[in-house]
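You will see subunit A twice below: alongside subunit B first, and alongside subunit C after that.
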Partner chain A sequence: MKFKALTAIAALLIAPAAFAGGADDDTLTINGDLDMVTKTAAPDHLSDAFDEIISGWHFRSDETQQLQTDDFENQGMIFVDQAIDQWNTAEGSEGKSCADCHSDPADSMVGVAATYPKWNEEAGEMRTVQMQVNDCRTNRMGAEAWKYDAGDAVSMEALIASVSRGMPVDVAIDGPAADYWEAGKDIYYTRFGQLELSCANCHEQNYGNYIRADHLSQGQINGFPTYRLKNAKLNGSHSRFKGCIRDTRAETFSAGSDEFIALELYVKSRGNGLSVEGPSVRN
Partner chain B sequence: MRLTAITAAAVLATGAAFADTVAPGDVQFGEYGDVATSLSGMAGDADKGSVIFSSRSKGNCAACHAVAQLPDVAFQGEVGPELTWTGEARTAEELRGIVANAKMTFPDTVMPAFYKTTGFTRPGDGYTGKAAQGDLSPILSAQEIEDVVAFLLTLQES
Partner chain C sequence: MASGVKPRVKAPKKASAGEVVTIKTLISHKMESGQRKDGSGNVIPRSIINRFTCEFNGESVIDIVLAPAISTNPYFEFDATIPAAGDLKFTWYDDDGDVYEDTKSVAVG
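Entry: the complex of A and B
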């Protein structure tokens, strides 16, 4: 008995060392046949910061990782199913559904999640997937825009991501995207709030380290939207950015803001080459 | 009698009312970021410092630092160096400076400043995500800094 207690204390004392070691060496295959690239060479624009970019999947426990390997276990897929119903539902003054213009998302939406946010020439704006969906809703369906990063909007984003799973993230950062990219990069390296912490302080300088119970990843968004066990719902990237900035004791930006659109483009570009994983599962 | 006790407690709570307390903006840092004298004018309490070190709503130092002497504190962090031997390696003056504003000792460090109230980008109202209303309070009070320093000085291997 006494021996046991002592061993437990010894185990606690060495605990931090026992957790250490950064990303694991597991490999991710979905539904037994879709191999995912979860580690790869950093894109050129990141080469002074990283040699290798790594999906957030590698920093989660084996149990959490397992949930993402099978669509029947991945609770994010429940929201994808709901979005498929929505896809086929006519709405708005034009009486049209997404399916009326785009038929089957498994054909028409392939590659979308890999390349957004994307410059829209006609509108002269940088568009996220959710902005594009809302553009279709308001301008082509005569329906109301969905609230950013809320229920229907994230579920639809998850459906659109799911049909690109396994494709490499490949967002353009040159041409008209360059200014947004620079603005996003500025935000990434700004030390916000009373704790004066930037995204880079945690996700570039300290990935692989534990910050209390959380194992810090590179903060990649190739897995978004993510189903989080913690809040049992799908989470958009802007909501995640909000949470991270809030945790520095700062005033956050809002979901759908110009700042977060630029930050989404920038963070997404840091994952150029990783497979699209959304909807992924995280804790 | 009752009334004075309450007033005294209120004064204690605000701290700043003590003549000997050094305000965050008045802290004098030495060449290497050290701070020579007690910020509260009083000695620190190591037991209280240990609680401040590990509680999330106070210093939350354990989020980033591991300390072997606190085996009951779960999930000690790895972002900063382990502090198990800090009481041997550092003086009270150095530790006070590091906890008050670590950037005076380690420029650009990830470690937050615990006794600083200005110069932030988009300061928030605690962890609400909303803008701060009015002036910020330092994360730790002058006496809490002294308590943490007293605790750090007890961290010695022998």
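Entry: the complex of A and C
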């Protein structure tokens, strides 16, 4: 009897701390002047699942959140700086740099990250930012394509995202994109691996709860590429998908595969309305 | 020289005499601990920033010894009193003998 009573008291004491889940009510302002939309009404196609979509920023600790409020403390910006150097470096057989065609990314790349992945009519394919960069590299610069989600590629993606920060994510899901979007949605709701978990099991049905020590977010990718404290580098969304699927003990798709391009489009569309945050800081 | 090393400093350009200001510094550096092994089992030699100093007009403000367990891209934030106009000089010492420097002038007014 005594044991039971003690357990009950212990449970009461622990309860407030252990189950303080959910998104917090902080607001995100970057460099003191750029207000970000981190909570907003869910897009129409999601109205069955969510009333409100919430950036992953809200699910992180105050210390981690603070790192993203200042470009000096956001270590993702180190990689953006490296990408700016790369932007101005001529490469390949044509001897051209990104800057030769696109001049200043702060002008020419505004809004790009908000609308990708995007259907490319000419090529007849769905393109992510990294694919578009590689198309430029191989066809216009005569340079070698970067490996998907490798250092250079993801840093460049971060540079392109950084100039769109604060703009609402707005990817098109109709027209030619519809097939990819449906394919991505299928993957999102498919249970993978020995643990038989789908994306939705954690990020739709259990966001705000803890899975062991991890605070589950809605799995939004408006903040990608993301600087993660755990590996001290930028992480692309495909690498993140891969990590999640691996954790279900499944064979994963690879970064840059058709499956992940479709999934990126679908997951990004779930965040239509949130601000582009890349490069964000997460744990 | 280790690759991709770039020191950066955020300090106010202006302060009033005697004001306490916050200074932030960050240097991109891989901070290889010397404990890791590469693919073929050989130890990757240690390569870290082992000392960081800040001086104001030649007077020491802060002097820090760094150890191998400090993670990549070390960041320091500290307060300093600005008695008069002058230069803040920041110095990072690399294991391989390289020294990285940055200077910020602070006006008083």
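The rule is simple: the second predicted complex is superposed on the first by the 264 of 283 C-alpha atoms of A that agree within 3 Å, B and C clash if a C-alpha of one lies under 4 Å from a C-alpha of the other, contacts with A are read in each partner's own complex, and residues count from 1 in each chain.
Please note the rule applied: a contact is a pair of C-beta atoms (placed from the backbone, for glycine too) under 8 Å apart; a residue touches a chain by one contact, two chains touch by 3 or more.
Because the structure is a prediction, the values reported are computed rather than measured.
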May I ask you to decide whether A:D170 touches subunit B, subunit C, both, or neither, giving the answer as first, second, both or neither? neither
Of the two partner chains, subunit B (first) and subunit C (second), which one does A:T190 touch, if any: first, second, both, or neither? first
What is the contact status of A:E91 with respect to subunit B (first) and subunit C (second): first, second, both, or neither? neither
One more residue to check, A:D24. First (subunit B), second (subunit C), both or neither? neither
Report the partner of subunit A that touches more of its residues: subunit B or subunit C. B
Quick one: classify A:D135 as touching subunit B (first), subunit C (second), both or neither. neither
Taking the superposition on A as described, I'd like to know which of subunit B and subunit C A:A213 touches: first, second, both or neither. first
Where does A:N201 make contact in the superposed view: on subunit B (first), on subunit C (second), on both, or on neither? first
Complex interface listing, subunit A residues touching subunit C: 72-73, 75, 78, 81-82, 232
Where on subunit C is subunit A touching in the complex? 4, 6, 8, 10, 24, 26, 28, 71-73, 75
Subunit A partner contacts - residues on subunit B that touch it in the complex: 56, 60, 62-64, 66, 68, 71-72, 74-79, 82, 110, 112-113, 120-132, 136, 139
For the complex, which residues does subunit A have touching subunit B? 9, 12-13, 15-16, 19-20, 190-197, 201-202, 205-206, 209-213, 216, 242, 245-252
